[in-house]
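Look for chain A in each of the two complexes below; its partner is chain B in the first and chain C in the second.
This part shows the complex of A and B:
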């Protein structure tokens, strides 16, 4: 879906995820400001093989819903995809939540690189506790928000988390979402080399380590919550790799042993909390 | 109504020939490559294709990130300085 020679950084997880859009039939993208806007290209050129509508943050889901309804009226077959980063999900959250509650017929994809990367790595609500960003130079002091779980509590038709470290799992989830109707939400973990400060070739490795250490949980919900095959064994703590392996990123270099133990405790809590819904 | 002035055109090289960004060039060993396709699906640029004996890389747009080397199970890709 994305053509080479675009403006994404080296090792960009968003372009990896954008390539997977190929599995969706007739996608129409609605993109609020963010890295994805830059990657999609500057007028009069476009890097995307699908129609793209660039929109202001809070209107994303309103535009997506309007397009989806209009296509239906016109009898045009289209899958409207609201494609945003975690920053746009923060800023446009009211619209996102309302759209999920209305069960609009759109697919929402959030590529979560855990900060406002396009403007220079400011902390977002998705940013990890203690992660260094330009607005939290000593490490973020607040907890992160679990966006996909919030969408689950809207009883959306389909909610899934995915990771660019498990592309085949991601493609499967996108394909499934594309074949369904109703409000579909996919939350993609997207480790960002410049923002998280690791070398560009490590994108996939870092994404996999997040899953293997339990820090990112792969699951899907289509009326019933299930752990995904690719990551279900990490529900058992003895199968996980040491968390310190995942935290080998520039943004976490200042962590003490105590901080790591505290994060580990929070991760255990996250698993326990999620599995209550299953 | 002619909409062509306000519609963008889908094209390669929307940000130029990004191969010029590259510091390291991925080289594929056709002896080691098993054509499993891992590098093809993980390449952020989508510039790796299945070739005859191994995979082939479009160096016009390859940014040299090195993701292909990391995901290669056969260790068939080497990054050499440009």
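This part shows the complex of A and C:
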């Protein structure tokens, strides 16, 4: 799906996730501005073995809807995939919500690296509390927004979280989404080596530690909310690794023990909140 | 392109507002995808189309979006897939979709949009002027300005035909309320447009990227090609004029043949101005009007043929000057320029009569605002 020699950084989680798109039949990708724009290739080249429609930030879902409606009208079999980062999800939230509410026949993938990485690591609505970015140099003061839960409350046809640390789980979810119709949403946790400041060979390790510490919860919803096998045991606190293990990243080096305890408390709250929907 | 009807009109006569006339024309054009967000005074166009889709009169997908940005984005996506598309907007709606107007033009996708031309805030004002549609000038759209409901009908059909030949989106302007909500007799001339054609479309299985990041050279070339093709679209507009009402192409020349004085204007208020011209003609004043039916491509040739005394009356300004005044002057023509009718401020036949009289008497300043 994605050619070697593309423009992604070393250890890039987005290119790892892009490779998994091969499980989707007849894909047409819609990609707004972001790291994925660059990875997909600079004109006149393309790194993707599928058609790519590059679009401005907030238009992503509406363009995807237009493609999908037109293919249906013209009798063309296609799986339109709106592929974006957390930045496009922020700026395009109204369009994302409207698309889910309309049940557009579109697969939306948000590769969430928890900041605006392509413009140089500025804080996004997904950025973790206390994480340092170039616009939160002392650490972000607000909570991260839980995008996938918001999409769940739209009662979209399919909503799942996934992680580049659990590729088999991710591929399974993409395949399932690809075989369904309606509005499908997959939120992929994508630890970014330069943005989070960890060595580029540790992307998978950091992604796994996010799940193992309970900081990123793997679940899916297809009418019913279920924890995913790959991460369900971390619902029990005693199965989790110490949170400090996950937080060994440049953006969190300034955290005090009290901060870490506070984050742990927030994570417990997140689990409790999510499981009310199950 | 016409299966029935002809330039003189042999269709059914109906009493329609310009909004309704546009909806009737869109129905005849058979778009595949329509997306729109309501805004006064455009809303009746898409309400009418929604009814047509609901009743089965029109076999189209009607997407109810949450904003004008998404309206333009939906038709951008649908056109990318090869669908015939339509939207309509006004004022703040056009401002909100502005980014996507550049993208659909830069992508060279055929599309048609009706603009019920309305003032842009602040302060709030829902009434007519041309400030909204004039903001499209740099985006790379064909911009037409109708004067009557009949012309709005004919121009909308021509818009689909021209846009799909030149691969440039086409905006049809009608004045807020004085046209959008004012009923006139319209001849519904049936037409069969050619099958949708466009330069490219994106389908599954193609290994191609459209609008990937460019360096200066590719971007500049794309912009140059669009500029050249937008100029060349004048030929297609002129060539197909006879099939869509015979209005004269880029301009309508009204009592200009022996005129010593010329008034340059665009839009619905030209009808009242023509009455004032008739009154002055009755007094023996050799005055006429060059009505700009198109703002893009700009009718430079017709402007250059004007007599030496020229008055441009604008419903939109940039700085202290009127926009059409500047555009006309940029063709090397010496002009007097009056800005009037902003925010729906009424300019009637008597106002035009007095204004044109002052112009003929040589008493107008270089630039004046009719307040």
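Keep this in mind: the second predicted complex is superposed on the first by the 278 of 278 C-alpha atoms of A that agree within 3 Å, B and C clash if a C-alpha of one lies under 4 Å from a C-alpha of the other, contacts with A are read in each partner's own complex, and residues count from 1 in each chain.
Definition applied: a residue touches a chain if its C-beta (ideal position, glycine included) is under 8 Å from a C-beta of that chain, and two chains touch if they have at least 3 such contacts.
Bear in mind the structure is a predicted one, so any value in this text is a computation, not a measurement.
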After lining up the shared chain so the two structures overlap, which partner does A:12 touch, if you call chain B first and chain C second: first, second, both or neither? first
Given the touch rule stated above, what does A:44 touch, chain B (first), chain C (second), both, or neither? both
Once chain A of both complexes is superposed, is A:85 in touch with chain B (first), chain C (second), both, or neither? neither
Please indicate which partner A:62 is in contact with in the superposed arrangement: first for chain B, second for chain C, both, or neither. second
Mind working out whether A:94 is in touch with chain B, chain C, both or neither, as first, second, both or neither? second
Most chain A residues touched (candidates chain B, chain C): C
Between chain B (first) and chain C (second), which does A:214 come into contact with in this model arrangement: first, second, both, or neither? neither
Between chain B and chain C, whom does A:2 touch in the aligned arrangement: first, second, both, or neither? first
Touching both chain C and chain B, counted on chain A across the two superposed complexes: 41-46, 48-49, 52
Given the complex with chain A, which residues does chain B contribute to the contact? 8-18, 21, 41-42, 44-47, 58, 60-61, 63-67, 69-71, 79
Residue ranges of chain A touching chain B (in the complex, touch as defined): 2-8, 10-13, 15-16, 19, 41-49, 52, 167-168, 193, 199-205
So in the complex, which bits of chain C are touching chain A? 32-33, 35, 60-61, 63-67, 69-83, 85, 99-100, 103, 202-215, 218
The residues of chain A that touch chain C in their complex are 26-28, 30, 37-38, 40-46, 48-56, 58-59, 61-74, 76-79, 94-95, 97-98, 102
